[in-house]
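Several structures are given next for inspection.
In what follows, subunit A forms one complex with subunit B and a second complex with subunit C.
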Partner chain A sequence: MMKTLFSADGLVGLLFLFNLIVTVVGGIVACNAERLVRAVIGLVVCFVGVAGIYFFLNSPFIAMMHILIYIGAVAVAISFAIMLAAPEEKMRTGPTSPLSGPIGLISTLLLISGLVSLALKTEWTSVTKINDGSVKTIGIQLLTNHSMVFELISIVLLLAILGALVIARGGREE
Partner chain B sequence: MSLTLINVLAAVIIAIAFVAANAAYLVWAERKGAGFIQRRPGPTENGPWGLLQPPVDGIKLMTKQLLIPGGVDKIIFVIAPVLAMFPSIVSFVTIPFSDTIVAHNINIGLLMIFVFGSMSAMAILMGGWSSRNKYSMISSVRAVSQAVAYEIPMLITAITVVMIAGSLDLMEIVHKQSGGFWHWNIWPFQKGLFNILMPASFLIFFICSLAETNRAPFDLGEAESELVAGYHTEYSSMGFGLFFMGEYANIVIGACLTTILFLGGWDCPFGLFPGVWWFIVKIYILIFTFIWIRWTFPRTTIYSLLNLSWKVLIPISLFNLLLTAGLLKVF
Partner chain C sequence: MLFLPELTILGAGLLFFLLTLGQPSEATIKNCASAVAAVILFTCVLCVNQTGNLFYGAYRVDLFSQIFKILIAAATLVVFLFGNGLKGIKQDSRPEYYLFLLVSNLGLVMLVSSVELLAIFIALELSSFAVYIMVPMRTTATGIFFQMEAGIKYLLFGVMATGFMLFGMSYIFGLTGTTSLDGIAEQLPILANRPAAVVAMLMILSGFFYKLAIFPFHFWVPDVYEGAANETTAFIAAVPKMAAVALLIRLTSLASHQGEMVLNLLMVCSILSMFYGNLSALVQKDLKRMLGFSGIAHAGFILLGLLTFKLTGYASAVYYIVGYALMNLACFLVICQVAAKGENLGISDLSGLHKRAPILALTLTVALFSLAGIPPFVGFTGKFMLLLGALREDHLLLVTLAAINTAIAIYYYLSVVRMTFCSDSNGLGNVQTGFLANSLSLILVTVIIVMGVAPSWFVALAESAIKTIL
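Here is the complex of A and B:
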């Protein structure tokens, strides 16, 4: 059967495409904006798209946490840092070196060709629901099957906090 | 299919209408309340008791020119007020007013409200920065540092309640408190859980919702005597109107959330006249308290504001979280 745009599948595909486009457009704005603050806004748009994809993948909890952490905390912290640290003129992204364009292009092409060949050669199986994606299931999974990852992440976070403290203390005179 | 579409449309329209009507008439209530507390009449000219003042104000705002000053960052300047208003409307979709009156109950409703609440900090930052005005800038930095500081104790207290209810579903949280006055989360005697810090938790949550909505005595972002009008100094017409309405919508959300988490939602106190009006009565009592506090207490300083959050509210709420976890394990 031909899948039309107006069937349920077509609508779902359209939503997925919309999220993808939001993510990519946000990413492009984040990389190419002339003003740093606009780049942060692009990053926020990109995060919204990624959260939409999580929602699409039947994990509304992860989608919500993604928005709460990345937009509510990370993006706010980044823009806070930009506003407090840089004076007006320096809030623009500076000129880059002439080599960065070609190198970036080559590495992007390599990455894209790798991903495309991977996507073409993989035997795709249809997606099955592993669990209902609820908070309770995620909690049980985190503390049983994936407890190692959970513990490692907490160590990474601890190291990040310690690193931030070391950097922050380094600048003080006393 | 079409029925659900109509349901969704109706829910969205009712949510917008409810938010807008509340925003408009809370301004009237605020001015009347201020007048009452300061022994003056408040608005009296338009309509009986000045009741036609909000529509007249609205028409005035809408017919004014939308000025975009030279030198502002136009795109961000225009997006910011929309982003200030939009999350508050979306949040109303999940707030249950009674067993049946809810637009769309999702099982992570509480989380969703916090998620959209956290977006308003971004709106304030964008509005303040794109104005290219030092007062707007200082104000947005203040407002955001305050919002970030008070989000932490607010979330910790909410997690305490979530642990007691065992769910992030707002309906479920209210159902767990059913059974009258003494079963509400504000009291320390629900079901074998004698947590004497629950009233303190309620107070912390209430203080945090005052601070999160930039209300006096925590309205440092809009300190008129220092910062002209704060982050919306450069906004005219409905740009200002949206920021203003978003603020009042956030007050309603704060009151709704406090009612659901601590005051038993639509649960009637002593079995008297059960119904949705208890929810309405409770949120308007809380909103009146918001107004009462604004016109009674002077503004704090930024240092005492941040100290209150980091040195008092966060330790107490963390301790209460641990205590609740322990008590839940023991009983």
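Here is the complex of A and C:
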């Protein structure tokens, strides 16, 4: 039976589609913008869409965190970096082959059609809802079942900070 | 006791973090690094017979993981010892360099024990990030100015491969509803005929293909090998590849029910890696770049063992990667000693090495003969076992192509040997080698020969270790 657009499911589907489009459009802007600042804005739009998808997947906490961390912190950090470094606009890499566009397009279309048909034809096991996705259960999970990952991530972050400092400290050697 | 090696590495990392805060002398840093690496190896050996689960089943300590930890620790010790005072690294960031090396080591050691997809992913990232940072730390005083480019290339290709891996993991989770390897192993045989399971498995494998530099994921190899400092390249060429083989064994043993499709793809990757690596190596002038391309070819050989999906095949793959690490360490030991200022070496820079440094010339010759697959060295025995294993599974075409590749490879390995022995030194001065480097190179030569002549004990050990995870 076809669901009508104005039933509850139809409207939810429409909103989901909207989030999806926002994500894709943001991604395209981020990849194709001439100026770096515009690319960052594209990234922000993309992140908003992804946060919306998390919301639909029953994880409001993750959606909130996504907005807080990625838009609130990461995008701002990137903007700071752009302002501090003042990169030259319109830096183009070396000449590209005229064939690279069509070949890239064809292989992308092949990949997309393959993945789409794969996703549609597979019977996915509907994962039972493990928990209510609240902050409390996420915290308990992080400190029990996933405690090792939780601890290792902190080392990864420390490493990233140290690495950035070490590489940036001396400036460029000329 | 279960977690002692990891804790030791963490402690060593902290020690070097403290060292980075002060201004320690060169000798202090070097001695600390060697001592710390020796202690780590000692704790790994001490914990070899431990078994148990940690972190709610995400981390498993068994003979398989412990043996790989010993191998990783031993290879790192060798890298630390022949580092030659880290000539190629910026002077003010040498303690940090050791810190990153230790963190990368921690990631690899945790990787071989992880039995849960998320843990595998994070451990792999930890080990990779540290290496990404180590590549651009090379000083421009060596006359090389593209270390930043090499680092960025390494990072971007790495992120791409990791993205594929994560996407594959999400498929696996969608199909099975679990992230633990045990749970996946239970459910995969039921899902075997679904294309999504095959695609997911291949995507996960691609993350480790990248580490091992197998054909479609090899693009970083030449530039990173050439752009990174000699010591860094020695580490990249030997240590992460062992961990990658360990994880490929864990994962392909899961994929063994998926039959023809995975097998065929692994075969194609193997053949392409061998031909691409060997044919590109033929024309290289830079020694490290040549070793990089030869590494791609050797990775193809290792796939020969994995795609048998049999115990003996896996054991010979382990034997081969250990032998490969030994040969590479020997080569890079020579490179680090001959390149007194940490510069890149062209093949012509080795001319007349037999007069300038006889022991190094001997080491290089043994290592290259072994890489070429000439008896009685470890490279020959490894290739022999891999080809025999593949032949037993009726992959005749694959074995024939691999044999042709061995013949191609002999040319470029032996042309380096010819340069070492049959040309004048062209005014190049003698190479100063210390007692440590000399004894280390003799030890490596001995191990390469002994493992080649008497492989059975190691293969038996590897088989008993792999039995614990099958």
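In this text, the second predicted complex is superposed on the first by the 138 of 174 C-alpha atoms of A that agree within 3 Å, B and C clash if a C-alpha of one lies under 4 Å from a C-alpha of the other, contacts with A are read in each partner's own complex, and residues count from 1 in each chain.
Heads up, the rule we're going with is that a contact is a pair of C-beta atoms (placed from the backbone, for glycine too) under 8 Å apart; a residue touches a chain by one contact, two chains touch by 3 or more.
These numbers were taken from a predicted model, which means no experiment stands behind them.
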* Put the two structures on top of each other at subunit A: do subunit B and subunit C fit, or clash? -> fit
* Return first, second, both or neither, reflecting whether A:44 touches subunit B, subunit C, both chains, or no partner chain. => first
* Mind working out whether A:32 is in touch with subunit B, subunit C, both or neither, as first, second, both or neither? => neither
* To do: Could you tell me if A:60 is touching subunit B, subunit C, both of them or neither one (first, second, both, neither)?
  => first
* Look at A:107 in the shared chain and tell me whether it touches subunit B only, subunit C only, both, or neither; answer first, second, both or neither. => neither
* With subunit A at the apex, figure out the C-alpha centre angle toward subunit B and subunit C and round it to a multiple of 10 degrees. => 130
* To do: Give the label of whichever partner, subunit B or subunit C, reaches more residues of subunit A.
  => C
* Once the structures are superposed on A, label A:122 by its partner contacts, choosing first (subunit B), second (subunit C), both or neither. => second
* Have a look at where A:144 lands relative to subunit B and subunit C in the superposition and call it first, second, both or neither. => second
* Asked: After superposition on the shared chain, which partner residues are touched by A:154: those of subunit B (first), subunit C (second), both, or neither?
  -> neither
* To do: After superposing the two complexes, find the smallest distance in angstrom between C-alpha atoms of subunit B and C-alpha atoms of subunit C.
  => 19
* Structure fact -> As the complex stands, subunit A meets subunit B at residues 35, 37-38, 41, 44, 60-61, 64-65, 67-68, 71-73, 75-76, 79-80, 83-84, 134-135
* To do: Would you mind writing out the residues of subunit A in touch with subunit C in their complex?
  => 118-119, 121-125, 127-128, 144-149, 152-153, 155-156, 159-160, 162-163, 166-167, 169-170, 173
* Structure fact -> Residue set of subunit C touching subunit A in the complex reads 54-56, 58-59, 90, 92-93, 96, 99-100, 103, 106, 110, 114, 118-119, 122-123, 125-126, 129-130, 132-133, 136-137, 139-140, 173-177, 194-196, 199
* Note which residues of subunit B are touching subunit A in the complex, please. => 73, 75-76, 79, 106-108, 111-112, 114-115, 118-119, 121-122, 125-126, 129-130, 137, 141, 144-145, 148, 151, 168
